[in-house]
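The two complexes that follow have chain A in common; it is paired with chain B in the first and with chain C in the second.
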Partner chain A sequence: MTGQAWKRAAVQYGGLLGVVVVLLLVFGLTSDNFLRRSTMISIANQIPDLTFIAVGMTLVLICGGIDLSVGSQLALASAVLGVLMTDFRWPLWAAVPVSLFSGSLCGLWNGVVSAAFRIPSFIVTLGMLEIARGTTKVLTDSQSLYLGSSVEWFGVPLSGIPVSPAFLLAVGTVLAGQFLLTQTVFGRYCVAIGTSEETVRLSGIRSWPVLVSVFVISGILCGLAGLAQTARLSTVDPNAAVGLELAAIAACVIGGTSLMGGRGSVIGSFFGVLIIAVLQTGLAHLGVSDASKQIITGCVIVAAVFLDALRTRFRSNGA
Partner chain B sequence: MNEPSALLTGRGLARCYGRVRALQHVDLDVNAGQIHALLGANGAGKSTLVRIISGLDRPSAGTMQFQGKLYAPADKRAAEAAGVQIVQQELNILPTLSVAENLMLGRFPAWAGVIRPRRLMELSRQALNRVGLTDLDPATMASEIGVGHRQLIEIAAALQRRCRLLILDEPTAALSAAEVRHLFDQLRRLKQQGTAIIYISHRLDEIRSLADRITILRDGRDVGVWNSGQLSDAELVRRMTGEAESAAGRPFVSWRQSRTALRISGLSSGPVQNVSLTVNRGERLGIAGLVGSGRTELLQALFGAETASAGRVQVEGRTSDAPFGHPAEAAAAGMGLVPEDRRHSGLLLSESIRANMTLSTLRSFSSFGMVRRTDEAAAVKRMTVQTDIRCTDTEQPVRTLSGGNQQKVVVARWLLRNSDILLFDEPTRGIDVAARRRIHDLIASLAQNGCAILMVSSDTDELLDHCDRIAVLSAGRLAAVFERPNWSREQIMQAAFSEYGARTRPSGDLCSEGDHSE
Partner chain C sequence: MQRTGILPAAGVLLLPLLFLPGCRDSSETASVSENPADSSNGRPRVALIMKSLANEFFSTMAAGAEQHQADHADEYELIVNGIKDERDLARQVALVEEMTAAGVDAIVIAPADSKALVPVLRRARQAGVIVVNIDNRLDADVLRQENVRIPFVGPDNRAGARAVGACVAEHLQPGDQVAILEGIRTSDNARQRLLGFQDAMQAAGMEIVDSQSAEWEMSRASTVAASMLSEHPELAALLAANDSMALGALAAVRAAGRSGQILIAGFDNISAVRSAIQEGRILATADQHGDQLAVFGIEAALKILKNPDEIPDDVETPVDLITAETVAP
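This part shows the complex of A and B:
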C-alpha cells in the first residue's frame, strides 16, 4: 500500500478501531481479568460464524438487498452436515461440500426469485427464513445431533498459534470479500446496482447475474458459518442461530454499510463483528445479566450508527 | 445600498462543502415589496444562497439581518417562524394526502388533536383562492392533480404561513404558459401587499417581466446587483457566464454522410405506433412532439429499455434486425442512451466521475475480473479532456458537478464504449445557457466524427438550431419529417397536433421548456 492508501484506510477505519480499543480499555479497567490472552483467544474463536455471515450480508446490503434467511440457512447447512455424518457415516471432507451446496441452493433461490421476478429480497428471504428452518427440523427430526471430535478441530486453536482454523478462514474471507468489493468489476457492479439499478440497466449492464451471485455467495458463507458453529459447539442444533440475521445486519451497519445500498465495506463489517463480540464478552466478564446485556448491546448499535451519521455529515460539510 | 426598507441583508455569506466552495463572499439586499431575481449558471450558488436564507443550510461565514435584527435561522422552522418561506424546485407534495391536507400539513386546525374537517376545508379554500385556484376542490387527492397545479399549491401553502419573504426556486419549470401568466399575476399582487420575493430562474424573459432588481452569481461569487432593465439580455448572459458573447446563431454545419447508420421500420412500443425512420452517419435527427406523444418511449424502445411489440431495428454491422431486448444488447451494437432524468437513471450520484464514466466499459479495463486502475484512470483523464468536463478531480462525486458537466459524464461513458449511435433525451433540460452551448458543441463534434444522433427535445428552437432533420411525433405516430431548411416552427407545431382529434387537443404548449436566451 502507498502512504496515501494507508492514510485513507486510517480515516475510514480509525473510528471503528478506536471503538474496539476503547471497549477493551473500559472492560480492562472495570474487570480484573479481562485483558488477558485467554479472553482474547476466546473472543477470536467465537466470532467466525458471525464473520462469515456478515461478509455475505455486506455484499447483499451494498447491492440494495437484504438477506433475512442467513440464520436459517446456517442451521440447514449444519443439519445437512450432521445428518450426512451421523446417519450416513460420511467423512467430514465429503459432507462439507454438500453442506455448502445446500447453502448455495438457498442463495440461488433467494437471488433468482428476487432478481428475476422483481420481488423485494426482504420478502423472498423472509420466506426462506421459514422454509430453511422448517427443512432443518424435518432433516434432524427436531433433535440435536452430537458430532464430537470429527468437527471440533476446526474450531479449536491450532498448536503453536492461538487461533482456530475457522478464525483464519474467516479473516481470509474478510480480506477476499474486501478485495472482491474494491478491486473487481463484480464489486463495482454491486456498488452501482445498490446506488441506482436503473442507471446500471441504461448503461447496458444486466444486473440479475450480479444479484443472483451475491445471494449465492451469502448462502455459501452461511454454510461455512454453519460448519464453524457446529465445530465450536460439537453439536448440530436445529434451533441454532435464530435471530443471527439481526446480529449480522447490526455488524454491517456499525461498520458503515448503508441499508439503502451503494455504500459499505467488508472490513468495516468485520470491525462491527469485533465490537459486538468484545461487548458481549466484556459484559459477561462483568457478570451483567443477559437482559441488561441485550439493552446495552442495543444502545451501542444505535450509538455507533449515530456516530457514523455525524461523521459523514461532518465530512460532507467538511471544514 | 442599505435602503431603509431593506427587509433582508446578507453580508459576506459563504458556504463550503468539503473542498468545494459553493458560495463565497456574497452580499444581498432584498427590499420589502420588491421582486428580486437571482441569476446565474447552474452551480453558480443560487440554490445554496436561498438554502441559507431559508434555514435549510448554515453559512460557513457571513451574517444576515432580517427586519433590522440579526438573523441566523437554525433550521427551516425557525426561518418560517420569522416569515421566510421557500418553495423549492423539488415539490414536497405528498400524493397520498388530499390537497387540503397538504396545504395545512403541520398546522391542521384541530380540537384536542382531532382535525376539524370543515375548518380545514375553509382554510384550504382561502389558501387556494389566494393563488387563484378557485375551481379546485380542496378535497381532491394530490396525486390526481397535474404538476403545474402542484407548484401553485406549494406556493399557496407557503402563503398560508406568515410570509414576509417568499423564495421561489425555478417555479415555472413545469408550468404551462397560462399557468405562468397566472402565477405572475399572483406574485405581482403579493408584491403590492409588501411581500418581498426572491425569484430564481434561468429564463431571462421571465425575469425581465417580473423582477425589480437582479443579483447575478457566478461560480459562487457575487457579480453584482442591477435594476431590471439596466442590462440587456446579452449583458446579463455575459455577466453570468463570464465569457464574451460568442456569435449568436452560428451557422449550422451539416456532417451528414451518405451511409445509413440506423434503420427503424414499423417500430411499436407502448404509445409508439408503427414508426419508421432512417438515420445516417453524422446526422443529427431531432424528434419533436408534445409531452406524451411517445418521444421518450421511442428512444427507450430503440435502446431495448422498453420491449417493442413490433418492428425492426437495423444497425450497421449487426446480423439480426429484431428490436433489442435489453439495453445490454443495444450497447453492444454501438448504441448509447443519454436519458432524460440524468440524476436517477443516467448517473450514480454518490459515485466518482471515474466510476460513472467507466460503468459501461469496465470489462475492457479489467483482467481476470480485476479492474486495472491505471488504465482506467488514463482513459477517464482522456475523456475528461475530450468532453471538456470542468472538475477539480475525477474522484469527485458527480453529485458535486453542475448539470452540464454531469451530462458530459454520461456522454463520455458512451464515447469510451465507441458508441456511434447516440440517443439524447432532453439533453439540455435544466442546464444553463453557457453549458447548453457546450453540450451543443459536443453533439456537433460527435456528428462530425460520424456518430448518428437522435435528439428528443421539447424546445423546438433547439432542434431547429442543431438538427439536420426533424421528425415530429403526434399521439405516438410519426406525423412528419422535415428537412433543413424546408421547415418552420408553425409546420412543426401543426404536425405535432395533427394526430390528435380537434376535440382531444392537449393543452401543453410545445415550446415552453428551456430558455431561449441564446
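This part shows the complex of A and C:
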C-alpha cells in the first residue's frame, strides 16, 4: 500500500482499533488473567459465527435493506446439518453443502420477495425470522442434537497455529467482502442502490439482481455461521442465536455502516464484532452481575458509535 | 405498480400458513384433545399451561401429558398451551385468562415467573378453577400476600443439585476450585439449583471461585466458561444449572485444550448430555423425570376435582442422579 492509502486506513479504522485497545487495557488492568494468550485464542475462536453474519449484514445494510432473520437462518442451517448427520448418517462433506443451500434458499426468498415485489425487507425478513425458527423446531423436534467429534475440527484450534479453520475462513470472508464492496462493479452498485435506488433505476440499471444476490450472500454466510457454531459446540441447539440479528446490526453500526444505506465497511463491521466479543469476554472475566453487563454493553455500543460519528464529522470538515 | 404489489403481498402473508400443520410446537397452537365445546359428557377439562414448548424439557413434559391423556381418555380432556419463549410473561398471563374464560375445570401451570403469575392465578381460583403449580414454584410470600393457596407438585431442585454437586466433589480434593454457571436469576429453579451446588461444595470443602449466569443458554455458557477457564487456571470443575449450559461448558473446555482435566456436571438429563456422559465427557446430571412432571400435576388436579374441599399439601416428585453407571442409552 502507498503511504496515502495507509493514512486513509488509519483515519478510517484508527478510532475502532483505539476502542479495542482501550477495552483490552481496561480489562487487562482490572482482571488478573485477561491479557493472556489463552484469552485471545478463546476470543478468536468464539467470533466466527458473528463475523460471518456481520459481513452479510453489512452488504444488506449498505444496499438500504435489513436482514432480521439471520439468527433463525443460522439455527435452520445448523439444524439441517445436524439432522442429516444424525438421522441420515450423512458424512460432513455431504451435509455442509445442503446446509449452506438451506441458508441460500432463505436468502433467495428474502431477496426475491423484497426486491421484486418492493416489500420492505424489514417485514419480509421479520417473517423469515419466524418461518426459519419454526422450521428449525420441526426439523429437530425441538431437541438439542449432539454431534460429537465429527464436526469439531472446524471449530477447534489447529495444531501449530492457535486459531480454528472457522476463524481463518471468517477472516478470509471479511477480506473478500471488503474487496467485493470496494473493488468491484457489484460493490459500487450496492452503494448506489443504498444511496438512491430511484437514481439507479433511472440510470437504466436493474437493481433487483443486486438486491437478490446480497440477500443470498447473507443467507449462505448464515449457513457458514451455523456450521461454525455447531462445530464450536458439537451440538445443534434449536434455540441457537436468538437475538443475534441485533448483535450483528450493532457490530455493523459500530463499524460505521449506516442504517440508512449507502455507506459502510466490512472491515469496520469486523472491528465491531471484535469490540462486542472483547467486551463480552472481559465482563465475564470480571464476573460482574448480569444487569451490569447489559448496562455496560449498551453504553459501550453507544460510545463507539458516537466516536465514529465524531470521526466522520471531523473528516468531512477537514476535507 | 399498485396492482403488481398486492397479490404477491397477500401471498407472502399467507405463506407461513403452509407451515402450520407441521408446527406442533408453534407458540399459539393449542392441541385440544377434543372439541372443548363438547364437554357435556361430564369429563373434566384440564388446561396445561407450559413455558416454551421449543425447549426440549417442556416439549417432553407436554408429550408425557398427552400420552397420559390418551391412556386415560375417558377420565379427562387436555388442552396444552405454551408460550414462545421463556420470558414471554404477558402471553402466559393471557393464556391463564383465556383458559379461565373458556371454563376449564383445572389449570396445571409451569409458571414463567414465580411472582408475576400469582395474581392471575388467584383470579382463576376465584372463578372456581382448580390450580396446580408444577416445575417452577410460585413465590411463597406473594402467595401469602395474595391470600391464595396453590399446591406445588414438583421436584426439590435444591436436593437434586446437592446430589450432583456431591457426586462431583467425590472426584475432587478438598480446597479444589470450582465455578458455577447459573440460570436466569429471576427463576426459582435457578436459585434452588445454585443453593444446592453451594451446599454440596461447602460440605465437601471446595472453593467456589466464580459463579455467573449464562441465562440457561449453550452459546452464552461457552463464552462465560471460556472466560472462567482463563481467569482461573486452577479450576477443577464446572457446575452448570442445566444441561444446555453443561454442553456449552464442555465446548469451552475443549477449545481451551483441557479436555478431560475439568469435571463438568449439568441438570435435566437431556439426550445430548446422555451421549456426552456415556463418552465420559460430562460427569453427572440430574433427572427430574421431566416427562412425568406434568402428569404428576394433572393427577393432583384430578384428585382435587374429585374432592374439592381438601386442597393437598405440596407433593415432592423424585430426582435421580445420573452418571456413567446409571445413564440410559
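Following the convention adopted for this analysis, the second predicted complex is superposed on the first by the 318 of 319 C-alpha atoms of A that agree within 3 Å, B and C clash if a C-alpha of one lies under 4 Å from a C-alpha of the other, contacts with A are read in each partner's own complex, and residues count from 1 in each chain.
Rule of thumb we're sticking to: a contact is a pair of C-beta atoms (placed from the backbone, for glycine too) under 8 Å apart; a residue touches a chain by one contact, two chains touch by 3 or more.
Quick caveat: nothing in here was measured; it's all calculated off a predicted structure.
Asks: Please determine, from the superposition on chain A, whether chain B and chain C clash or fit.
Replies: fit
Asks: Of the two partner chains, chain B (first) and chain C (second), which one does A:186 touch, if any: first, second, both, or neither?
Replies: first
Asks: Quick check on the superposed pair: does A:152 touch chain B, chain C, both, or neither? Answer first, second, both or neither.
Replies: Only chain C is touched by A:152; chain B is not.
Asks: Just to be sure I read the superposition right, which of the two partners does A:313 touch: chain B = first, chain C = second, or both, or neither?
Replies: neither
Asks: Counting only touches as set out at the top, which of chain B and chain C does A:242 meet: first, second, both, neither?
Replies: Touch partner of A:242: chain C, not chain B.
Asks: Using the touch criterion from the header, give the chain among chain B and chain C with more contacted residues in chain A.
Replies: C
Asks: What is the contact status of A:8 with respect to chain B (first) and chain C (second): first, second, both, or neither?
Replies: The answer is neither, since A:8 touches no partner chain.
Asks: Quick check: superposed on A, how many Å separate the nearest Cα atoms of chain B and chain C?
Replies: 10
Asks: In the complex formed with chain A, which residues of chain C make contact?
Replies: Residues in contact with chain A: 1, 4-5, 8-9, 12, 15-16, 19, 22-26, 53-56, 59, 85, 185, 210-213, 215, 217-219, 222-224, 226-233, 243-244, 247-248, 250-252, 254-257, 270-273, 275-276, 279.
Asks: Considering the complex alone, what residue numbers of chain B touch chain A?
Replies: Residues 16-19, 303, 305, 326-328, 330-332, 336-337, 339, 344-351, 355, 359-360, 362-363, 366, 369-371, 413, 417.
Asks: Touching chain B in the complex: which residues of chain A?
Replies: Residues 183-186, 188-189, 191-192, 195-196, 198-206, 262-263, 315-319 of chain A touch chain B in their complex.
Asks: Chain C touches which residues of chain A in the complex?
Replies: Those in contact with chain C are residues 31-34, 36, 38-39, 42, 45-46, 49, 113, 116-119, 124, 127, 130-131, 134-135, 137-138, 141-146, 148, 152, 155-157, 229, 232-235, 237-242, 280-282, 284-285, 287, 290.
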